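What follows is a group of structures, each given as structure tokens.
Common to both upcoming complexes is subunit A, partnered first by subunit B, then by subunit C.
Then we have the complex of A and B:
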């Protein structure tokens, strides 16, 4: 058996079908998109080779750069929030609720299964204003305050978007980190307790270092998911007011599919890919060394 | 180790570059294909009939499908027997993407919805001869006499050629509640200042003065655009298109300022930025709002007793009023003919031509009698009793000498989108009138 799996030809034959599908579905489209970023036009008008013009345009395009900031800002804020709250929930499951955490875990995880567009519509109805006041503004009115049209301002829209994303995905990170915490040997925790480490000291000196690998994985998952946010911001306020909350994905979609500029759209897609890569490397490189140490 | 590593990097980089260049070359090949395709289409040649009369409409427009079905079952049954009608639908927001894809595959249906920019003479479809300029073909078949001259003029103005069937012919103006206006002791506003005064009075009385759907964007830019048309004159946006004027000129900025002032004064009511079109219509037809600027497509709702709680007799229609000292006039109604519905020249064979001739002859009467929809086709035959509001609009249509387009009509698609998206920033005061117009003008200039 070892001789069979040690044979290069066998490995190649066994890998070939999967590798072919992977190349067909992943590598070729990505390479195709990369190639398109050097062209201008669309399938109907035809394509014209313009070299690096799309990249130059991207660097001088204020709308594109604004979208980069929206994507990065949203990703950083949401990642910090959802990993922090997810971790706190995981600690709650393990150290407070213990075996009785199943119901809470399910309840907090439940929004994760809802379609993001439905979640966005739900939040829109919660903060509605005008003829149909939503419960949030009803509550504000009940305390004597004036109704707030959250979606009329950039800060309001981003606040709602962050809260909405947290509500729907925090449970996923809580479960992910919960499984990481379960892997920490009970004896280690008990020994630390016997040595006098309790509460924040136990978490800071024992739990966090031991759950660091899963914590870093969560950060990378979260950054990559939030950098590519699209449907929730589209459904919430269509990237508005104006284009102040339009992430890079939405700008790419509009450029490629609404304005039929496939070449420039591909350039934006490439920028997004590089952004994801940079963020992943920034988090992964130092952390991988630390974990190995 | 280092040498091997470096060699591996060079090989990988070379492979990537080669793949990119190969794919790029393939993409470049598409250019040649498209060019040759364009050359082979004269744009007015008669094509070959397909197996069916395939019509692609927007999901959001069931009325058109229903009326075509009705024609297929009645007046156009012979044409339907020869070439059966088949429907295909797409989301209106996906139109440009889907049509671009279908056209590049040579798979356009016989009759299809298209983007405004696409069908213009310099557009992807119009420039490539992929849409039929049907005036000559319809004249030959005798169908042209059923296209109303006003509708033809509007289509020509918007698209630059006769490439859209006028299933709709709409005027725009303010729909208002006659009872509330009388309660406030006011007459129909004849000037913009009177309109603002009426809005103030309505707000004081607890009504929504002008129920606009801010969430949709365009209902807001309509107000700004009409102020500009009344102020500068009916060719205001044509001047911008032709580079003779700029949106940053004071008289254009005044339009954006007027909209901002109107919004910040509370004339559009609480929560107007997130208000949807349906909510705005409901506010007018339930007696909560004094006015709503909208098109005559609202007639179907006004004429529907289930939706119109205040009664059809209490809803009036008036044009956007004069702006004092302006070069435009309230007689110049904005007009449009709905989303572009183009004809594929490649499938415009004799049987397809019969279908279009039958539609042109019968659609006007069918849509008016069945759905109360006013179209750009002649009404041939009896339509029974017409509701008063519909009759009023018909009367206005017959007396109009000059129409204007809407603010974004002549803009490229990117600037069009920017105008709608940025208008919420303008109306909530986050963007000044000058900033709004400067950004828009920059977008127009960069897309010339």
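Then we have the complex of A and C:
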């Protein structure tokens, strides 16, 4: 039996296409990109070895450091909001709406499949000011407030970006956490209720500890997705006003493709990769210990 | 939260006293009221923006300025949609998106399926290490490979086609797909493959005759995850779109918004609505699979 399933020819036929695409188009480019971060220039102009200068430049580049803060701030705020709202929704589905939650679950989930560009343009129209004012500012006017030009300020743009991301993806986290909550054995919840744990105490002492693994994977997933935010901030306000809301991804894209600085662009991409790695490890290391206990 | 009746209703023979159940129903309605209010607010927040956008796509330019923003369109004219298709290139963008997405997803699913089989069903030294090596790709952001790939495609002279996008999406989709496929194969009892071998089926034939039909559902689920991530991508499409004729729907939308800006709302609204409506139709038919698939993809990724 093992001889049949150890047949080298079969393994090669089945694995080789995947492995060659992966190595040629992913592993080699990553290594190439690592190498490029020690060079300056681009394909047309030629490359020049500059050692660690790109990394030194990065640390003294205020635009780059601002981008790091935009990425990290966005990731942390959105992750906290996403997982919190997703968890509250999941609790609503399981304990309040119960069997009747299917429609709400679907309606709240749907925006997840919409392209971020479409969602960003939708939100841009919702908050538009001026001749063709969106319903948001109309509502503010109706309550006697002054129209707000959200996209004119950094804080306003970030607020809209956070709300927009939350709007489009909290339903996804809700479904993710909902499936986790469904896995909690009914008897455990019942016996806790018998012992007098209800409402917040039940959630705090029984439900949250039992759904900790899925909560942590949601956090890791959310951090990894939001650290790579690109489409929404580009489509919403083009990283503006100015470049104040440009995340690392957008700064990298501009450096590499608009200013044709391939080497420095690669350095920024490396910084982004390291950031994702560090964030995952920070959440994962202590958590994996706790889950084992 | 606890709706268990405090006092169990005693089933007395004879006519039951009328007011008691009534009062209980009333009390339940009052208790449920905050929940219904919350759900209503939630649904309005989720659905109204999309409804508003779709309604806006039927409005004429004068309606946008003359009528309040929440007003419904005076008549459902399709002019904006025609405009989006004729002047906005939405049709061409859709065609490009499909020409890129379908081959990419097909390649990703087939390659991942074959690799999953080779790494999970086949038995050989070093397969765990190879699986880990491929899984490592899940962590790497797309930005990391853009510059080298752009250079390579340029040198190969294929930048003037949709091929660079297909290749890049395939490479980016493979790590997660291989990992998921291997996990799904792990859930299939080995005995099925061993029985086939006893019956004289070679491992390659076993793959096509046993594994592929068994994995149909998983292929659909993973295919859907990949479909949405490729169809909705902007970064790679933007990088490898060298001419407007190669623009996918996301790139098209982005340039449409720049081009029309604050003047032509109708066509822009129609273009976005086409996105919403098409995906809504797909979603209605496949929503269980999509929700389960996306959830599975993220937990395991």
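Criterion: the second predicted complex is superposed on the first by the 271 of 293 C-alpha atoms of A that agree within 3 Å, B and C clash if a C-alpha of one lies under 4 Å from a C-alpha of the other, contacts with A are read in each partner's own complex, and residues count from 1 in each chain.
The rule we apply is simple: contacts are C-beta pairs under 8 Å (C-beta built on N, C-alpha and C of every residue); 3 or more make two chains touch, one makes a residue touch a chain.
No experiment lies behind these values; they were computed from the predicted model shown.
Contacts of A:36 after superposition on the shared chain: both subunit B and subunit C are touched. Touch criterion met: A:276 reaches subunit C, while subunit B stays clear of it.
Of the two partner chains, both subunit B and subunit C are touched by A:132. Residue contacts after overlaying the shared chain place A:228 against subunit C, while subunit B stays out of touching range.
Touching more residues of subunit A than its counterpart among subunit B and subunit C is C.
Legend: residue contacts after superposition of the two complexes on their common chain; A:111 is shown touching subunit C, with no touch to subunit B.
Of the two partner chains placed by superposition, only subunit C is touched by A:11; subunit B is not.
Legend: residue contacts after superposition of the two complexes on their common chain; A:195 is shown touching neither subunit B nor subunit C. In the superposed model, A:151 lies in contact with subunit B only, and not with subunit C.
By the touch criterion defined above, A:183 reaches neither subunit B nor subunit C.
Counting contacts by the rule stated earlier, residues 32, 36, 43, 124, 128, 130-132, 257 of subunit A appear in both its interface with subunit B and its interface with subunit C. Those residues of subunit A whose C-beta lies close enough to touch subunit B in the complex are 31-32, 34-36, 38-39, 41-49, 124, 128-132, 147, 149, 151-154, 238-244, 254, 257-260. For subunit C in complex with subunit A, the residues that touch the partner chain are 1-2, 35, 38-39, 42-43, 45-50, 52-53, 56, 64-65, 68-70, 111-112, 114-115, 117-119, 121-124, 130, 134, 137, 139-152, 154-155, 167-168, 170-172, 174-175, 178, 193-194, 197, 202-204, 207, 228, 231-235, 238-239, 249-250, 253-254, 257, 262, 265, 268-269, 272, 275-276, 279-280, 282-283, 287, 290-291, 294-295, 298-299, 301.
Listed in rising order, the residues of subunit B touching subunit A in the complex are 16, 19-24, 26-28, 30-35, 93-94, 96-97, 100-101, 103-104, 124-125, 127-128, 130, 208, 269-275, 279, 282-283, 288, 413-414, 417-418, 421-422, 424-425, 428, 430-431.
Across the complex, subunit A meets subunit C through its residues 1-2, 4-11, 13-15, 17-19, 21-22, 24-30, 32-33, 36, 43, 92, 95-97, 104-118, 121-126, 128, 130-135, 138, 167, 171-172, 175-176, 179, 193, 198-199, 214, 217-218, 221, 224, 227-228, 230-231, 234-235, 249, 252-253, 256-257, 262, 265-266, 268-270, 272-273, 276-277, 280.
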